[in-house]
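Contents: one structure, followed by commentary.
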Amino acid sequence: MTTEPFVHTVRPRYAEVDQQGVVFNAHWLTFFDEACTRFFEWLGDDPSKAFFADYDLMIVKVVVEWEGPAGFDERVEIEVSPTRLGNRSLDLTYRSTVGDRSVCTGVITYVSVTPGTHTSVAIPGGLRDRLAVVAPA
Amino acid sequence: MTTEPFVHTVRPRYAEVDQQGVVFNAHWLTFFDEACTRFFEWLGDDPSKAFFADYDLMIVKVVVEWEGPAGFDERVEIEVSPTRLGNRSLDLTYRSTVGDRSVCTGVITYVSVTPGTHTSVAIPGGLRDRLAVVAPA
Amino acid sequence: MTTEPFVHTVRPRYAEVDQQGVVFNAHWLTFFDEACTRFFEWLGDDPSKAFFADYDLMIVKVVVEWEGPAGFDERVEIEVSPTRLGNRSLDLTYRSTVGDRSVCTGVITYVSVTPGTHTSVAIPGGLRDRLAVVAPA
Amino acid sequence: MTTEPFVHTVRPRYAEVDQQGVVFNAHWLTFFDEACTRFFEWLGDDPSKAFFADYDLMIVKVVVEWEGPAGFDERVEIEVSPTRLGNRSLDLTYRSTVGDRSVCTGVITYVSVTPGTHTSVAIPGGLRDRLAVVAPA
């Protein structure tokens, strides 16, 4: 069985573009966070509930590389894939394109924590199974 | 001769702290960018002029790792060091502490571009010399 | 003839919600700006082109009033209406609701400027006509 | 007795300036919020403690007017004054200048709430007294 990867589209806001005419670097992490929210919804959860009751994730590492710029109101398509599934942590990879141009790729390492705390805990089994199904082969 | 490393202090704004009670991840890149501005001023330039006339930098890669959180209005001290000096690119390393706790370290790779363009160009000699003086041994 | 008012939906990002559990106040102006972009697209223009070539707007005044909060990932519906059309300036009113709750209303006064400058100029006739058509009676 | 008004200085970040070359409008509310934090510190409290234990404020209305722009890294001086003191609410006025130019004035109406809630409550007497001392005659 193959699953189409999840893709979230962002239109950069005027406020997010700097004097170089490109999305300011920090906003890519916010775009990836928004894509993450929609990705967990696509996996079957209501993010506004699940993230505070059933599980929570804290970021411990990000690696972001740019291949080109994105400008105001372009269609930035962000593909989200779980590229590593550990016991208490996982990596999500975000590949961003504008049309057929690669613009920005992020790999973000999350640690599973008990909601409301900063204490790491095993990724809940049900969530883990759903992530495994959509992980690239 | 030894040079004291440059340190810039940031007080996280209420707007920058999320429901987990910690600075939202993306804002660390904005903090590093603010520290970068002050670092180039410390090197002897007026950032609002030099960055548009004499040289400009575009970010091509960031690696950020968190060891702990920072909260609203804490004193975040960010030490900035040039840890790699290439011909057309350089790395700045940002080490952040709150008191004696390490909280967040970023390594950012910049490419020198002709101001007003996205075209890479050798780092101007004068700037390069000043960076070399403050680079860690 | 009646025209249905234009409505833009925003889902507040995790990054936009503060420790009080509500969207931080400043982000409402960014939401209204995003709604403004989509409103001008709905009027028939490509915002990424029209705003820099055919006309441009600078904000001179905002009045924002809150009646209730919006939280992470709620469906915030923002209705946009031109509520005043002057010669060189106009007001857009943004009424935000979550379900049947009023949450935030903004009235923003824009001055028409020659693109690339801060010099005020009459609102171009074609744009003015299209705004007049959708203005509330 | 006269008291010098409190002034907080902000240097706009590169990330806060848009393609028009000026601070994007929403960031002014964040600047005013930062100035508010420092103003309450100047009144004698530790903002990171007092705001969550002794009192808390929610914004119900803002009026912001611009007279001119501020650009990257300019010295924006923000004078903060309590211009209205009600029983459960107050207005702070923020007057921003760059050199001798007026750039932006905000009047923000806050409601006093029980910390951790959205329930309005009388402004604590001690805080009220300290605000009254620095209110303009």
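The chains carry the letters A, B, C and D, assigned in the order they are written, with residues numbered from 1 in each.
As a convention for this text, contacts are C-beta pairs under 8 Å (C-beta built on N, C-alpha and C of every residue); 3 or more make two chains touch, one makes a residue touch a chain.
Every value quoted in this text rests on a predicted model; they were computed, and no experiment measured them.
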Please find the path from chain A to chain C through touching chains that uses the fewest steps, and give that number. 1
Farthest from chain D by Cα centre, which chain is it? Let me know. A
With centres defined as the mean C-alpha position, give me the chain A-chain B separation in Å. 24
How many angstrom lie between the centres of chain A and chain D, each centre taken as the mean Cα position? 35
Whole-Å gap between the CA centroids of chain B and chain D: 28
At which residue positions does chain D touch at least two other chains? 14-15, 19, 24, 26, 30, 33, 72
Residue numbers on chain D that touch chain C, as the complex places them: 19-20, 24-30, 33, 52, 56, 58-66, 69, 118
Of chain D, residues touching chain B in the complex: 11, 13-15, 30, 33-34, 37, 47-48, 51, 71-74
Using the touch rule from the top, collect the residues of chain D that touch chain A in their complex. 14-15, 17-19, 21, 24, 26, 72
